[in-house]
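In the two complexes that follow, chain A is the common piece, with chain B as its partner first and chain C second.
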Partner chain A sequence: MTTNNPGAQAAALAHAGPGRDAGQPRFTAALARRIAAIDWRVCAALALLLAVMFPFLWLVQLSLRPADDLFGESLLFVPSLDSFRSLLQGDFLASLINSLVVSTASTGLSLLIGVPAAYALTRWRFRARRRIALWVLVTRMAPPIAFTIPFYLAYRWSGLLDTSLGLVIVYLTFNLAIVIWLMQTYFASIPQALEEAAYIDGCGVWGAFRRVTLPLTAPGLAATAVLCFVFSWNDFFYALILTRTHATTAPVAIVNFLQYEGWEWSKIAAAGTLVMLPVVIFTVLVRSYLVRGMTAGSVKD
Partner chain B sequence: MPALSLRNIRKSFGATAILRDISLDIDEGEFIALVGPSGCGKSTLLRIIAGLEPLDSGDIDLAGKRINDATPRDRDIAMVFQNYALYPHMTVAQNLGFSLKLAGRKPAEVSRRVEEVARPLGLAGLLDRRPRQLSGGQRQRVAMGRAIVRNPRAFLFDEPLSNLDAKLRVQMRTEIKALHQRLGTTTIYVTHDQVEAMTMADRIVVLKDGVVEQAGAPLALYDRPGNAFVAGFVGSPSMNFIAGRLQANGLPRFVADDGTLLPLGPVPSALDGRRVLYGVRPEHFAIDETHGIGARVDVVEPTGSETHIALRFAGHDIIVAFRNRIGARPGDHLLLSPRPEHVHLFDAQSGLRLN
Partner chain C sequence: MAILSWEVSRKRAFSVGLAPALLVLSAITLLPTLALIVVSFTPLNLTDPAGTFHFRNPLGNYRQLWADTRFLNSVAVQLTLSLSSVALQLAAGLGMALLLNARQAVLTAVRAVFLIPMVLPPIVVALIWKIMYTPEVSPLHHMLEQAGLPVESLITNPGAALWAISFAETWQWFPFTMLMVLAALQMMPDDPLEAARIDGANRWQIFRYIVFPYIRPALVIAGLFRLIDSFKAFPLIYVLTNGGPGTVTEVTNFYGFIQAFNFSYWGYASAIAVLMLAGAFLLSWAISRWGAHHDDE
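Let's turn to the complex of A and B:
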């Protein structure tokens, strides 16, 4: 262990050094031991973390600064929630609620349609299985911008432009591919013998799915749901193009703070913080499942 | 009326025929072992009986009722899987009581019945554990308990002991047999291990390439195998076969391909000159200093109770088993003579029994 630690080596060297002066080596040795006690890997990780987190932390501190000291250089200031307060008194709250409704609805619908589809694609060995699964994935291969004009024209024709339902449908089409592909790996990791045992014990196909397969894939289901929610929640592009006033989502509403009269920095910062919040909370809650979700099926249990 | 009756069962996966015209009647309370080499269709047959696999043609009757199209849950048959297939998210008690709960029994009744079943299986103290906290033998017992708890019409076992170590396997073998004696439930037991089949079953059904080679009591199969395949499959170490020709006129003799003359019991004279396989079980050789035939010792395997000796005999490699200890060494020569009353003759072409 110590050979891997440069600090420890330094300490050992200092210790072995000649002791001509009684005070000097003792001081050097103490310093070396101090240095040895520092775990440089932790330091590197912290530095990297700070670099990555800096824009986010800056955004959060900006949202808490009083309006008259927005670009002040001192990090010492009296935090105030004024920007949040004014934000929630305006139209932003409606957009935030709309974001929540649209993301929740599209996540729920994606799971409702995608989970049974993934199950069927995993368990039912029909001829076109692989081809259908690939087609589902192909919908995610083209860049989103390729679909904007068709979506826009179709929505204008059908009256779905600037409606929550319209956004739900767009996000549904994108999330379905995620749900189907992620859940396939989870279902494939459940041994079929468990379902057969359930059939023998008196379950039908649906009962075995609900009582045995689904509870065993619950962590994966949660991870998939969070991914879907975050993708819908974070979408800016489609919400910008397909909504105008009634169905704007929070990310789009932030842009409205950039006006001719000036940019409302404190509101932008506060709104950005509010939009980040659920994503951070969900990710922290299910992060171990997310990692397992990414690697599910890669190693035999 | 048989408890379970299979008539002309056929099954193919794609172009591969797995079962070709299987017919079998199983009596109430009988313990049947389905044995055969891997790929013989024994597991497929079991899954068809359980309702996990549809059949292509034929009929399955359970207690006189045709169940071809019944779902597994309507068949009232319990099954123990090779890998146990315990529900990992349920406790032992929930695993055991799952089928009763699904059948709509009251919770109090379920837990009473679960305890009733758990006690003789030694699971009473483990009811709150989850399957991953159990040893292999305990999991095996839970899987059995799950089958017993329902009081089904028949038990199906799919190679249940193949995941256990040798010592536990022998112990569980006895437990399953004792269980069958206690409950008297009709049992169908699939295994590739002919020792398991011999020791446990009332009747053994030997399958090969989707066809029943022979069905009968263990010792009947051992003493009078109907063909060369069954003769070679049943018994360990397996029967020795020597290829050659029959001489039925005068004193019946067998002439091995290398010219060695081997003794025979009475043989119908119509078989004179027929090419046959001369089968002798390892324990049916005697050391015979006067009439014995010279055999070179290759390998000596003492098992303690028996000594197995691999020899070169009449142009073939054979195994001979002695109950008494033989101080033979590789390279030694023994004078051996097969006991003519224990010789099995099979047609060289069809493999069918001739004597």
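Let's turn to the complex of A and C:
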């Protein structure tokens, strides 16, 4: 914690040096210097970190607790995967798979439609550009209930209610906005001169895009895909309303547990832990890009 | 001549790239919005769709909203929840950003861990706080009981339920403000800080007159973003209180949901959604205006 702090090293040296048995006053001075060298900022940060993450960690430990020791106070227990095992033997696995399928499909579709549009919006300065940008921003901001009511009515009549396809389409409402908004910032950072060189070599607009621009923005593309996936994976409101039994996603399954099996806390905690696991892993993997995505639209590019 | 045709073919290629997205966006955003507005002028009820889809009293829903005390209460609840939690988020996020704004490996790692609440599925956040607020399983309630200070559950207490939700919402979203402020702090030039130090300014003066003006735009934007998103808050309320006790935590979004999906008053719920959409539109417009204004500076 304090190893790269020169003050701490000096204090440690003083303590370990020849003055070790030189009597009380010298020792106290070293101790005082040592205390002074403690980085209070780091200590405060770590204490706050522990306090903030406590509720999160509690959920995780609850999922690992054996059923007979659910309300035990001691944090020393033998972790058990029983609740995960019983969870995956039930219907939960199906909803987890459905979540995966819907999120992946919606991510793929929104990239397919949104990436060329984002590129055109970056390179083509036409008059309606600003208005389209505002449209995309409002789509990102709109309260889901405004879309849910017409979608529910339309799905009722078209038979898309309680289908995975129905969810994939609804998730485009926020995913397309994310792709168009974010990918513009990545495309804007690629100099146009590179594409012009490709034109001279006989590539068309989309040929140059595919061979030059797209490979250069691959990290941004990956990050955008992760964000789309996370937003679809995290959705609760649309899935709650537009599905019943066949196309339920994992977040809705958790709520069903809460309502019908409210006493099985370790099972519920295990379900919560499973649902957040991919998101937490993605956060660790693409941290800096994630930050950019979450704050998309808030910084003018 | 050759250049002209190149320009034409370039434009054509761009239109081809843009067209599918605009078509899909129209189909999934403009069309539903239009349908929503149309439905809001009817008393549509799905128990009798044919008989209630008419325009004999187009402004009936809006007039009724004006006199609906439960709706007006939901707006007040929404404003209390949104403003309190955004204010808390700004305060906590700003404090945390100032604390973590130093080049040290430990602090960078701490910053990364603080991202977790923000990316968690909202339903898991709701679950985490359901556990914290349920006396039988909550470690906090357990500790208070051991200390001889048993507290009844906050989410079933009409005086505390809304604040309990506001607190959980703050827990999830203060990292957003923290990130925005940290980004602004890292772009801040060192010269004015040094100049102020040389002139003998104290810590508070440096913060008030140099750092704060520099990060104010980030705070405003973070606040506006969170304000808009707070109107959508649903899982926390659905899982923690279900709008109760009574209607103490029934925000406008939740009231619209109940009207449509519990009472089947689709026309009425659509009118509520139209008003919410209008609010989101105005705030987005403010953000884009403000962004443009900021650009000119």
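Here is the rule we go by: the second predicted complex is superposed on the first by the 258 of 301 C-alpha atoms of A that agree within 3 Å, B and C clash if a C-alpha of one lies under 4 Å from a C-alpha of the other, contacts with A are read in each partner's own complex, and residues count from 1 in each chain.
By definition in this document, a contact is a pair of C-beta atoms (placed from the backbone, for glycine too) under 8 Å apart; a residue touches a chain by one contact, two chains touch by 3 or more.
Note that the structure is predicted; figures quoted are calculated from it, not measured.
Asker: Is A:L165 touching the first partner chain B, the second partner chain C, both, or neither of them?
Answerer: Touch status of A:L165: no partner.
Asker: Is A:I281 in contact with chain B, with chain C, with both, or with neither (first, second, both, neither)?
Answerer: neither
Asker: For A:G204, select first, second, both or neither according to whether it touches chain B, chain C, the two together, or no partner.
Answerer: After superposition on chain A, A:G204 lies in contact with both partners, chain B and chain C.
Asker: With both complexes superposed on chain A, which partner does A:A193 reach: first (chain B), second (chain C), both or neither?
Answerer: Touch status of A:A193: first partner only.
Asker: Which of the two partners, first being chain B and second being chain C, lies in contact with A:A44: first, second, both, or neither?
Answerer: Only chain C is touched by A:A44; chain B is not.
Asker: Identify which of chain B and chain C touches the larger number of residues of chain A.
Answerer: C
Asker: Who does A:P215 touch here: chain B (first), chain C (second), both, or neither?
Answerer: So A:P215 only meets chain B here.
Asker: Quick check on my understanding: which residues of chain A belong to both its chain B contact set and its chain C contact set?
Answerer: 199, 204
Asker: What does chain C use to touch chain A in their complex?
Answerer: Counting only chain C, the residues touching chain A are 6, 9-11, 13-18, 20-22, 24-25, 28-29, 31-33, 35-36, 39, 46, 96, 99-100, 102, 104-107, 110, 112-124, 127-132, 136-137, 139, 142, 171, 176, 179-180, 183, 221-222, 225, 228-229, 231-232, 234-235, 238-239, 253, 256-257, 260-261, 266, 269-270, 272-274, 276-277, 280-281, 283-285, 287-288, 291-292, 294-295.
Asker: Spell out the residues on chain A that touch chain B in their complex, using ranges where they run on.
Answerer: Against chain B, chain A makes touches at 191, 193-194, 196-204, 207, 212, 215-216.
Asker: Touching residues of chain B toward chain A in the complex: what are they?
Answerer: Contacts found on chain B: 50-52, 71-73, 77-79, 81-83, 85-89, 98-99, 102-103, 146, 150.
Asker: So in the complex, the part of chain A that touches chain C is made up of which residues?
Answerer: Contacts found on chain A: 1, 4, 39, 41-42, 44-46, 48-49, 52-53, 55-56, 58-59, 62, 70-71, 73, 113-114, 116-117, 119-121, 123-124, 132-139, 141-154, 156, 169-170, 172-173, 176, 180, 199, 204-206, 230, 233-234, 236-237, 240-241, 251, 254-255, 258, 265, 268-269, 272, 275-276, 279-280, 282-284, 287, 290-291, 294-295, 297-300.
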